[in-house]
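Notes follow the structure.
Per-chain numbering from 1; labels A, B, C and D assigned in written order.
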Amino acid sequence: MATPPTEIFWQEKTSAVDTHLHALRRVLVDTTTAYQHMRIVETATFGRALILDGKLQSAAADEALYHEPLVHLPAIAHGGPRRVLILGGGEGATAREALAWRTVEEVVMVDIDGEVVEACREHLPTMHQGAFEDPRLRLVVGDALAFLASTEARWDLVVSDLSEPVASGPSFRLFTKEHFEDVRRVLAPGGVFVLQAGSLTHYEIHLHARLFHTVGAVFPHVHSFASHVPSFLTPWGFLMARDEPFETRPDPAAIDALLAERIRRPLAMIDGPTALSLLQTPGHVRKALDRHTEIFTMQAPPSIPRDGS
Amino acid sequence: MATPPTEIFWQEKTSAVDTHLHALRRVLVDTTTAYQHMRIVETATFGRALILDGKLQSAAADEALYHEPLVHLPAIAHGGPRRVLILGGGEGATAREALAWRTVEEVVMVDIDGEVVEACREHLPTMHQGAFEDPRLRLVVGDALAFLASTEARWDLVVSDLSEPVASGPSFRLFTKEHFEDVRRVLAPGGVFVLQAGSLTHYEIHLHARLFHTVGAVFPHVHSFASHVPSFLTPWGFLMARDEPFETRPDPAAIDALLAERIRRPLAMIDGPTALSLLQTPGHVRKALDRHTEIFTMQAPPSIPRDGS
Amino acid sequence: MATPPTEIFWQEKTSAVDTHLHALRRVLVDTTTAYQHMRIVETATFGRALILDGKLQSAAADEALYHEPLVHLPAIAHGGPRRVLILGGGEGATAREALAWRTVEEVVMVDIDGEVVEACREHLPTMHQGAFEDPRLRLVVGDALAFLASTEARWDLVVSDLSEPVASGPSFRLFTKEHFEDVRRVLAPGGVFVLQAGSLTHYEIHLHARLFHTVGAVFPHVHSFASHVPSFLTPWGFLMARDEPFETRPDPAAIDALLAERIRRPLAMIDGPTALSLLQTPGHVRKALDRHTEIFTMQAPPSIPRDGS
Amino acid sequence: MATPPTEIFWQEKTSAVDTHLHALRRVLVDTTTAYQHMRIVETATFGRALILDGKLQSAAADEALYHEPLVHLPAIAHGGPRRVLILGGGEGATAREALAWRTVEEVVMVDIDGEVVEACREHLPTMHQGAFEDPRLRLVVGDALAFLASTEARWDLVVSDLSEPVASGPSFRLFTKEHFEDVRRVLAPGGVFVLQAGSLTHYEIHLHARLFHTVGAVFPHVHSFASHVPSFLTPWGFLMARDEPFETRPDPAAIDALLAERIRRPLAMIDGPTALSLLQTPGHVRKALDRHTEIFTMQAPPSIPRDGS
């Protein structure tokens, strides 16, 4: 008898015309929440994965290549964050990385979609690794905009780990100048803001570039970096911003020393040399940043098509 | 918010090189039994479907177009079957059609794979429609070859509703001359044997043709007929055989009268005109029957590749 | 070295959500004409095929199963057609079948898209088999509506062999009551009109049914028949209509005698028994005809989505 | 009328179970050469692409992200290469990058498959950009192993730009220790060897790692670097090796000065910061290098399955 064949696929539109067929072992969740369509599947190649509105958010096999740069590059820039605010981050993996810092005293994670958080908690244990049980974590199920408007606290690190700004999806308002102004208002002195900021593939990099300029319209300093997450099928961009310039040629040994002192466990990817590597924005990306400069506002927000329909 | 998108597909190999992607609403069962790989899925287009070893067995939306010809054409030829033996038929839909005959006193269904039968019973209620609870039905989980070797009973109708003779699958031995001899031995006088007998697409019709000659090596009379089951994507062939010739130009009105008297409920497809239609083997099929005449034996059984791997 | 692999596919949408991937050996033509998108490809499974606006029109391996019923069922009903008018029919295969009748003196084929006809002439020799060189054939590149409005001739057979009524495609106006009235006007006494009339799959049969009633609003007698063409992946419906009733229980031997006398060459599919078979509209189709009765007019024409986009 | 739809796809197996469907605008070449299956297609997303034995070699839209690191990182390490030997490199893009160095006096390109080179020359002008006409280029159609065995010349740069070591394909022997020894023998003092060295996706990185150790068994110093080429769908690894250690923390400004002096035209990607970035092997890659240490020999060469399986 043959091995159970892989005949069930999740099809991701990777552009207006191309598609990728991910072989599935299991469909664990397939439901429409109050905010979006959610799937949790077990892919044959990348393990369990969260999919929101037809887009892969992260997959077990390589999510560290996404979550580690997202959290640790800005945290290293800060040096010793104590209070961290996460917008989105339903899988709990962003919280997990923030909580790895010994300096961190409080993490607040604001996710609008409690159903997504609950499903991740149940089905993606390798992603949160118990982060939801850490007494330093506070989960707020609610609207990030409302939270920012009402919080009195100030944060060393604000991590925007949101699903892509899909047209009429739950997150597109959080990719606008007005929102970035709200974020700047709640940063503590020396605080850093970081956001996942889209694919760097040539036909999509305009979103990343325009976000670069939108964040740059609010913060004196903004830096573009990227990580290669194979399950995304495309290099992925991030932006970090603050009032002071970023040190882009740090001494790798000094970073290694900082991490050794302040991180509780070995990381999968980030260390001194890796940080040095990621801090150099490659030439073709810098050229693209120069080409697409129009900023996003509440009047003219980003709106990428809901491909999967 | 968009309608839940169809992004999960079951891929069926329809030839060595072509594939069909069936959009899925749900995967209800996906497991390897002791005999084969079984899936029960809810397709977007054809409703719930049973898939064995990568091949669609039947789908809710049009399974009647398969099960009605399979049972009622030989039953009409017989006139009033009392005792019916079903080989395979896990969905319970073949039993359902047999039990629709008022004349039927006993149906024995022998299926080797109890896990398939149980899963169909639970997940495919529109297929069995309670057949498993009918006191006239006896389910035997076991090997059809062994059952035939040991049964003392004689049957008015033997219905072979088996999965395709996939290499090293559970059914290929049941498509051989030796097996058909066993079947003939257990037929009552006037009894009819019918089997599902493969696709009629030009590149697969050789299997149907060779089965025609294999059955014809055992029975004095054999007749090829077909039904168009859209979820199969291809016209599907059947063979019926007995010791006496078949009446292939019956009076449709007489058939309608017979069915009105002996069938408990309206049928979806079969009536007098439909039976007359199906009884005429089309010209291109008759030509194909003449082209592929080698018979299947236990030494040289049919063995179609397990495509889905 | 491996055999040249089949890695290039033509994807056909078979429903709003399902797709079929046909392995290709070659793409011979891929262009946008003045009226539609045209492809001629060599499929691995069905040989060369014509595709218009994303829909397969016919494929070498089994086009006879489409063109023979389309032409010969109405021609048999007529008995000895002399003048045949074909609307559409770009491949030349419909003309080929009409020209096979010894009684036929003139075939006029009106196709709006000269580019399609030219490409078929060049790339699909097994389909036209020289029909375009037959002195009895006259090709008119132009609008069927205009031709019908201006023709003084009367026709024994009018064959509507058009691409499906795709929204904003070239043919949807030719599936309306007004057009069918034009057709009736140009029929000679005893003349028969036949049209290809859509898929019989459960989720598409409403188009066939509504065409049945639309034709029936114009002609006293209309008959639904079908052929299963494997490359279409679905049973395909036709409608024929005339002023007198159709004989639906003809003697197969009489048909065979008629064909032997009047057809120049052996046919692949149609003969007496096959004609008898096709003339019986199956039960489930008759039920569907009763369910969808709204007719199509120029104000409310059929308009199936252009899926392939 | 709709825009010409994208319904024709090239399907690439990206793993044993996953596939990617690239929408095609045109198939320009589809043939089996004496050595491999070759396709040149125009993809909708990445422009024209060369495909050998079912694997994408490079695509117009982002081939610079592959060819620039391949050539310029080792050339920068060398400082001023005069004589360059390219093994493979059929598209002519590797030659193009080598010829961009003012210091380069001779480039010899040895490709076993003259049909591939000819087809690229005709159909991929944006890739070679006239490199084949440069008087400094000499094209040798022949076996790289034989060329290395017979050449008396010594080379500043040897660039192995071969298709992947597909089982029974033309290149797998060129990924063995014995071959790397041949290469070392023909290097001039200070010479650098570089090779494309496979995907860095977690389930394929073992090939890259084992090549790292195989090269390291021959050369005193070997360095792993990577580039994410979106059309490859995965980060891609390279290895460079020489007798002296590599400077992995160069001053970006010094590199920019070197390039300004020695390169004839602006590059798309590589400059000082980008070189600094690529020279830092990321943490997760270094860990993988430690995990897979078995080397490849002629007795035990690499052998990835044809088609990604």
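The rule we apply is simple: a residue touches a chain if its C-beta (ideal position, glycine included) is under 8 Å from a C-beta of that chain, and two chains touch if they have at least 3 such contacts.
Note that this is a predicted model, so its numbers are computed, not measured.
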Length of the shortest touching-chain route, chain B through to chain D: 2
Chain copies touching (chain A, chain B) - same or different residues, decided at half shared: same
Chain pair, C-D or B-C, that carries the greater number of C-beta contacts: B-C
Distance between chain centroids, defined by C-alpha means - chain B, chain C (Å): 32
Whole-Å gap between the CA centroids of chain C and chain D: 53
Residues of chain C engaged with two or more neighbouring chains: 21
Pairwise touch network: line, ring, star, complete, or other: ring
Complete list of chain pairs which touch one another: A-B, A-D, B-C, C-D
For the chain B and chain C complex, residues of the former touching the latter: 6, 14-15, 17-23, 44-45, 61-62, 64-65, 200-203, 226, 228, 230, 233-235, 252, 267-271, 273-274, 276-284, 287
Complex contact set, residues of chain D against chain C: 1-5, 7-12, 21, 24, 26-27, 30, 32, 35-37, 39, 41, 51, 53-54, 168-169, 306-307
